[in-house]
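A, B, C, D and E are the chain letters, set down in written order, and residue numbers restart from 1 in every chain.
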Amino acid sequence: MEPKNIVLNVNGIEVIYNHVILVLKGVSLQVPEGGIVAILGGNGAGKTTTLRAISNLLEGERGEVTKGSIELRGERIENLTPADLVKRGVVQVMEGRHCFAHLTIEENLLAGAYTRSDKGEIAANLDKVYTYFSRLKTRRNSQAAYTSGGEQQMCAIGRAIMANPSMVLLDEPSMGLAPQIVEEVFNIVKDLNAKEGVTFLLAEQNTNMALKYADYGYIMESGRVVMDGAAADLANNEDVKEFYLGVGGGERKSFKDVKSYKRRKRWLA
Amino acid sequence: MLYRENGQFKTSYRSDQQIFPIAQDRIAIGLLLAVAFVGVPLFASEYLYTSILIPFVIMSLAALGVNVLVGYCGQISLGSAAFMAVGAYGAYNFYARIPGLPLIPTLILGGLCAMFFGILFGLPSLRVKGLYLAVATLAAQFFSDWMFLRIQWFTNDSPSGSVSVNNLKVLGMALDSPMARYLFCLSLLAVIALLVKNLVRGAIGREWMAIRDMDVAAAVIGIRPMYAKLSAFAVSSFIIGMAGALWGFIHLGSWEPAAFSVELSFRLLFMVIIGGLGSVMGSFFGAAFIVILPIALSRLLPTLGDLVGIELSTATVSHVELMTFGGLIVWFLIVEPHGLAKLWSMGKQKLRLWPFPH
Amino acid sequence: MNHKKIGDVVLDVNNISLRFGGVNALTDISFDVREHEIRSIIGPNGAGKSSMLNCINGVYTPQQGSITFRGQTFSHMNSRQVAEMGIGRTFQNLALFKGMSVIDNIMTGRNLKIKSNILMQALRIGPAEREEIAHREFVEHIIDFLEIQAHRKTPVGQLPYGLQKRVDLGRALAMEPQVLLLDEPMAGMNVEEKQDMCRFVLDVNDEFGTTIVLIEHDMGVVMDISDRVVVLDYGKKIGDGEPEAVRNSEDVIAAYLGTSH
Amino acid sequence: MAFFLETLIGGLMAGMLYSLVALGFVLIYKASGVFNFAQGAMVLFAALAMARFAEWFPGWTGIANPVLANIAAFVFAGVLMFIVAWLVERLVLRHLVNQEGATLLMATLGIAYFLEGLGQSMFGSDIYPIEIGMPKDPVFLFDKVFPGGILVNQEDVIAAGIAAALVIALTVFFQKTKTGRALRAVADDHQAAQSIGIPLGRIWVIVWCVAGAVALVAGMIWGSKLGVQFSLTTIALRALPVVILGGLTSVPGAIIGGLIIGVGEKLSEVYLGPYVGGGIEIWFAYVLALVFLLFRPQGLFGEKIIDRV
Amino acid sequence: QAKEQFFPLLSYRTGPYAPNGTPWANGKQDYLKMINARDGGINGVKLTFEECETGYATDRGVECYERLKVHPGVSLIDPQSTGITFALTEKAPADKIPLLTVGYGLSMSADGMAFKWNFEMMGSYWTGADIILQSIGKSLGGMDKLKGKKIALVYHDSPFGKEPIPLLEERAKMHGFNLQLLPVTAPGVEQKATWLQVRQSRPDYVLLWGWGVMNSTALKEAQATGYPRDKMYGVWWAGAEPDVRDVGMGAKGYHALALNGSGKDQKVIQDIMKYVQDKGQGTGPKDEVGSVLYTRGVMIQMLGVEAVRRAQERFGKGKVMTSEQVRWGLENLNLDQKKIDAMGFGGIMRPVSTSCADHMGSSWARIQTWDGAKWNIAPEWYQADEQILKPMVKAAGDKYLADKKMQRREAADCNS
């Protein structure tokens, strides 16, 4: 990795849910200042759990980090509250949207700016979010629960941006978004990263997109990091191509033809 | 690794669908039943029967009923004591007005009265949900309080509203000893618990849980919310009504409407939450917790006080008892928000892995 | 490429309009679905795709229009009737029964077919037990088919997102539906998992002849497996036809696909 | 006619007092999604603290001025409620983030028991008066128009005024401030609120403090009318139909609900009661609330219950 | 084995009835302590006791009963609650434990031939209600003046509160007054509607059948609706210091039945001060000693102790009595004025003498009035009208026995 500053250093963490279910079995990863790092992996690999461990949202799921350490700019953060982390600029966009159902879209966004006080800046930021997601502007006054899945996803991402973060943990940002918007979202990520130096750690299933925009990637499988490397290298790796990009053997296989094709079942492990 | 299911292969769906698919569980339950039916009568004192075991068994039955409604069907009810009252007074009326009516049909008739009452007050659940419904069920509670105080007919014109029964017989045997009463209640509990277990692991149970977890999706796959909710109300209030009748007939012998006050409704709700929503086992745990803990505390605390050399007055004991009780509730919830039954199953899971931590 | 037999129209949506306060979720939408075909609905976020399914399902009642299913016309559907007629459904925002195990979730899909009454169920005497086991057997086939054997008894809430989507599909399949409505079944999956899901969908379509209505944002999937595609844009229909035709329609490109596709 | 008006006024005044208790429920529910069954116990705890502090104050300080004693007691009781709020957050809520409604409700029941035991052991189980100088005897208005006049309790009128002021202030707080918005966010989704940096702990302490203050005011007024003893917790049961009728999430709803319930139950008891033997007001209040709910399941002003797929 | 006679004490020191339950329980304990300290027990048999908190709840009460009844040397039980009495009435005969319910419980249980194990001594709700009416009649100048009057009964909506209704109805028929029934939902902290109704119908008298917080609330509401307090008559459970103390001047003029006298100048009270309180062994605070309910507790406990003493006279002095023997003692009490004076109860009560048929022993009471600071007892004693009560008691007892398919006791049973 380039000799950039490491903002986030996850060191061999183990996570257990409910005192019995061991999910992460020693995960280590690093995120450099101003980088975009992707975590890839199949369903249940532990991506979400890793992000929850970092942002300290495990408690509400009755999970806990039992081994290892997490450092943010050299400071141990396992015992901070999520709110403390937001103050330090780390915001998570949770998987499955989690909009405030009874608040309107606009109130949701404003709630995202809870930690900030400058009214002018907040208003400017709100405008920025509305230009990113014009659909939100038209739906600004409806309660979040009554917007479509994609609109809620936009709302969740926009809400995180409202906190003016220095580091964003994105959990499946592309889920349920129309292709145009997916591209839009990744452009926004790139944009924020380039212009404002925001660091991103994203868990994604859309490997194609993720590797296109990220600098570095980690691939997880059943609670372990099984491979990591620069995004470009990963994109050229044969296994990755076959399992995550669907272009094994050079050609993109039509979804129509997967029928007769049985692959190794690894996720059942 | 004592507690393992490894090597216990299921060769048919029938065997996989047993109530206790794991042999160790079956043995444990067998032992438990043996202890309850045979072991306990060997040593239990009258006090143990009348003050601990009988209330525990009857309250378990009531909690089981509440659990069907609250735990399985997700309709929080604060009117459970009203269903008990209807069961008790219903049974009383049949008993007093039909000479020679045997006890078991009497109890069942009481249960049926409660069932109709339950369905009636369950009707709003078709429209009203969640906490709104919970509070609305208090209407049933206060209405029944009033009804049995005010409408003399229900209390067989007893001027005070207090009624009593005696000389109970079951299948020709007099229920005059505490042991007989205990065994009678226990048998009823065992039978009903089995029936409830069958229900909740069958189609109707799945309908209830589906309504509880996500009613819109349930409707889309063809579950009728009305049928599911009202059947839960019916089954639940039938069982609660039976428990109420037992409470009046067997435990109290003589009772007034205040025996089924809103306080009892709350206690029944605690039982299922503390024990574990949606768990038959949880109903027993919850009943044990709520019935036995206060008594244990009121007996233990003075002794504890003596140990550290302070003499506690009854008032202090009961205040400390309230505080300990409240504190323990909170503590258990923090340890395991899903109740004692969950704690139990997690314990089993650990045992399964033992001696490895994961 | 199309070697399966596509039959007559089974589901016909006529001039449906749906409004929520000031939002026109659907405006005068008509399209039809033929027996055995895979019919996709695409469109930008908030276009009204899910709302369309909700209208068919009887979750929403459209202000105007009617739906014809196998010759019967409804202007207002009742969820139960819809289910009885054989229309199954999966949900965009996972509507699984969180507190229940995988098996139980899928078993609820069989509930319409249960004959024994509540008393028989309580006693579990002969027929009730046999019935239960027969359904269980059916459900085990679905579990095998979806390859989730290992998770049978796990509470669904603890499963990762992708597997929950499979269980959702399993529950719908358990109804043995004639028409299956799938709302973004492949969201949140990687390519490999999407391939699995496609396989399931195609198998169902092929082997049981189930008609499928599919909402999906992955154009690769949509274009590869659907027979015909409807395109919605903010409540209006802007395209309908074979995937190729839709892919090349100017309107559709502008409103939804963007230039990169 | 005069008597009808009296009943109406009596109902309105009683309703206003229910509103005060209901307000406590609404506040905590709205701001954290917790249905706080301990509200009744909090009212009593606060009122007892105030009554007893006022009684002990002269002994402690040697100052016999009753006004001063009451003010000091009010402050003491306020501080005590703050401590309660802080402890509740520390020891209970903090550990139950993201749990279901039933669990949280149960936890508040635990708190209620605890407070009841603690309150009685600290402050005793007798009936204690709160003397804040409210006029006890009735006045008779319009005795020119109606024979005998219309009886009105000055005490009730003052109490109603205080309640109204409190409600207006709280409505503004919820709708117009940043904290108000954060509170509503927390109620919807604990985890998401945490994820955007809303400090749950602090929010909860704030809400419970406000609810404690409301409880103190409610307890003071009730106590001054009826004296305080722990059985006053049962007034919480009187406030529940008010809460659901007005809507669990609506501050103004608590007031309107209170008025409707207050009037409804007094009129029913006075005019219907005699035909059926009396004692109907409590269930009548619940049935009244239920009837409203059948038309609006979320209460008159509550937020719509969302169920979507 | 030490010789110990055991007294189970069911009490409630928490909950809505605690303000009244506490002094009552304290009086009972202090009397036992005093007898031990002063006389060394009863003829050398030491008196022991254990308290059990019922919270006034029936099921808790039953648990306490079951817990304490097996204690060696158990004598009798005073449940301190009408509800618990009802429940125990079914159980006590089987356990052969007498129930002593002074001034409360089932009014019909005065009939000893029907209720062998119940001892409702010194008064029932029927005698109480009767006496209030007599006193009202007297203040009007004759019972016939009651004709056309309107009397409202504001009562605790429970068996306790409903007990007096049959007697009042009987008397209403006799004298032609109007009876209005106004139930108050337990525990009675919300009475606005009740008092609005009082204001509407403006009864000439209000009878208050309350307990615990209900009493002071009723007085406060009466004040708030301007109902004259001196037209209000409470039962003896609504006539103690906790009922009026925090109402103060607001309750001035309010009357209540006095089942017993109070004050500190009785000899028994002074003995308690001397042998118990002054040694720092008092159960409650000093200034409560001699209050109405405290004194009632003392008096009730004295009846229990005397029953044991009486039993010893027959079954052996200085022996521990079984509960059955204590029952005989209760049935054969004969405390004449001389004995009462000697024990220091002279200003507290009238003579009591029970028999097999009459378990009440005395049906006399006085009227007391609150002057804003203390209770003042009017000197004249009233006795409930036997002519009215006897047939009512008999009829009710017969119905009870018929329902239960039980027989009246034989006369021969009286000697056992």
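As a working rule, a residue touches a chain if its C-beta (ideal position, glycine included) is under 8 Å from a C-beta of that chain, and two chains touch if they have at least 3 such contacts.
By chain, UniProt protein names: A, C = ABC transporter ATP-binding protein; B, D = Branched-chain amino acid ABC transporter permease.
Given the structure is predicted, the values throughout are model-derived calculations rather than measurements.
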Worksheet item: Which contact partners do chain C and chain D have in common?
Response: A, B
Response to the item:
Maximum distance between Cα centroids and chain C occurs for chain E
Practice prompt. Averaging the CA atoms per chain, pick out the one whose centre lands closest to the mean of every protein CA shown.
Written response: B
Worksheet item: So, what's the distance in Å between the C-alpha centres of chain D and chain B?
Response: 32
Discussion item. Nearest whole angstrom, what separates the Cα centre of chain A from the Cα centre of chain E?
Written reply: 74
Item to complete: Would you mind pulling out the distance in Å between where the CA atoms of chain A average out and where those of chain C do?
Response: 28
Worksheet item: Counting in whole Å, what is the centre-to-centre distance of chain A and chain B, each centre being its mean C-alpha position?
Response: 46
Fill in: Multi-chain contact residues (two or more partners), chain E
13-14, 18, 22, 157, 183, 185
Fill in: Of all residues in chain B, the ones touching two or more other chains
145, 149-150, 214, 216-217, 220, 315, 318-319, 322, 337
Worksheet item: Residue numbers in chain D touching 2 or more other chains?
Response: 99, 120, 125, 277-279, 282, 308-309
Worksheet item: Along chain D, where are the residues that touch chain A in the complex?
Response: 97-99, 178, 181-182, 184-185, 187-201, 249, 303, 306, 308
Worksheet item: Which of the residues in chain C come into contact with chain B in the complex?
Response: 57-59, 79-80, 82-84, 88-89, 91, 95-100, 104, 107-112, 114, 116, 118, 121-124, 128-129, 132-133, 136-137, 140, 171-172, 175
Worksheet item: Once bound in the complex, which stretches of chain A touch chain C?
Response: 17, 21, 40-45, 48, 95-96, 135, 139, 142, 146-151, 153-154, 172, 175-183, 205-208, 243-246, 252-256, 258-259, 261, 263, 265, 268
Worksheet item: Okay, in this complex, where on chain B does chain E touch?
Response: 45-47, 50-51, 55, 96, 145, 149-150, 156, 159-162, 164, 166-167, 176, 251-259, 263, 295, 298-299, 313-315, 317-319, 322
Worksheet entry | Residues of chain B touching chain C in the complex | 13-14, 16-17, 195-196, 198-199, 202-204, 206-207, 209-210, 212-214, 216-224, 231, 235, 278
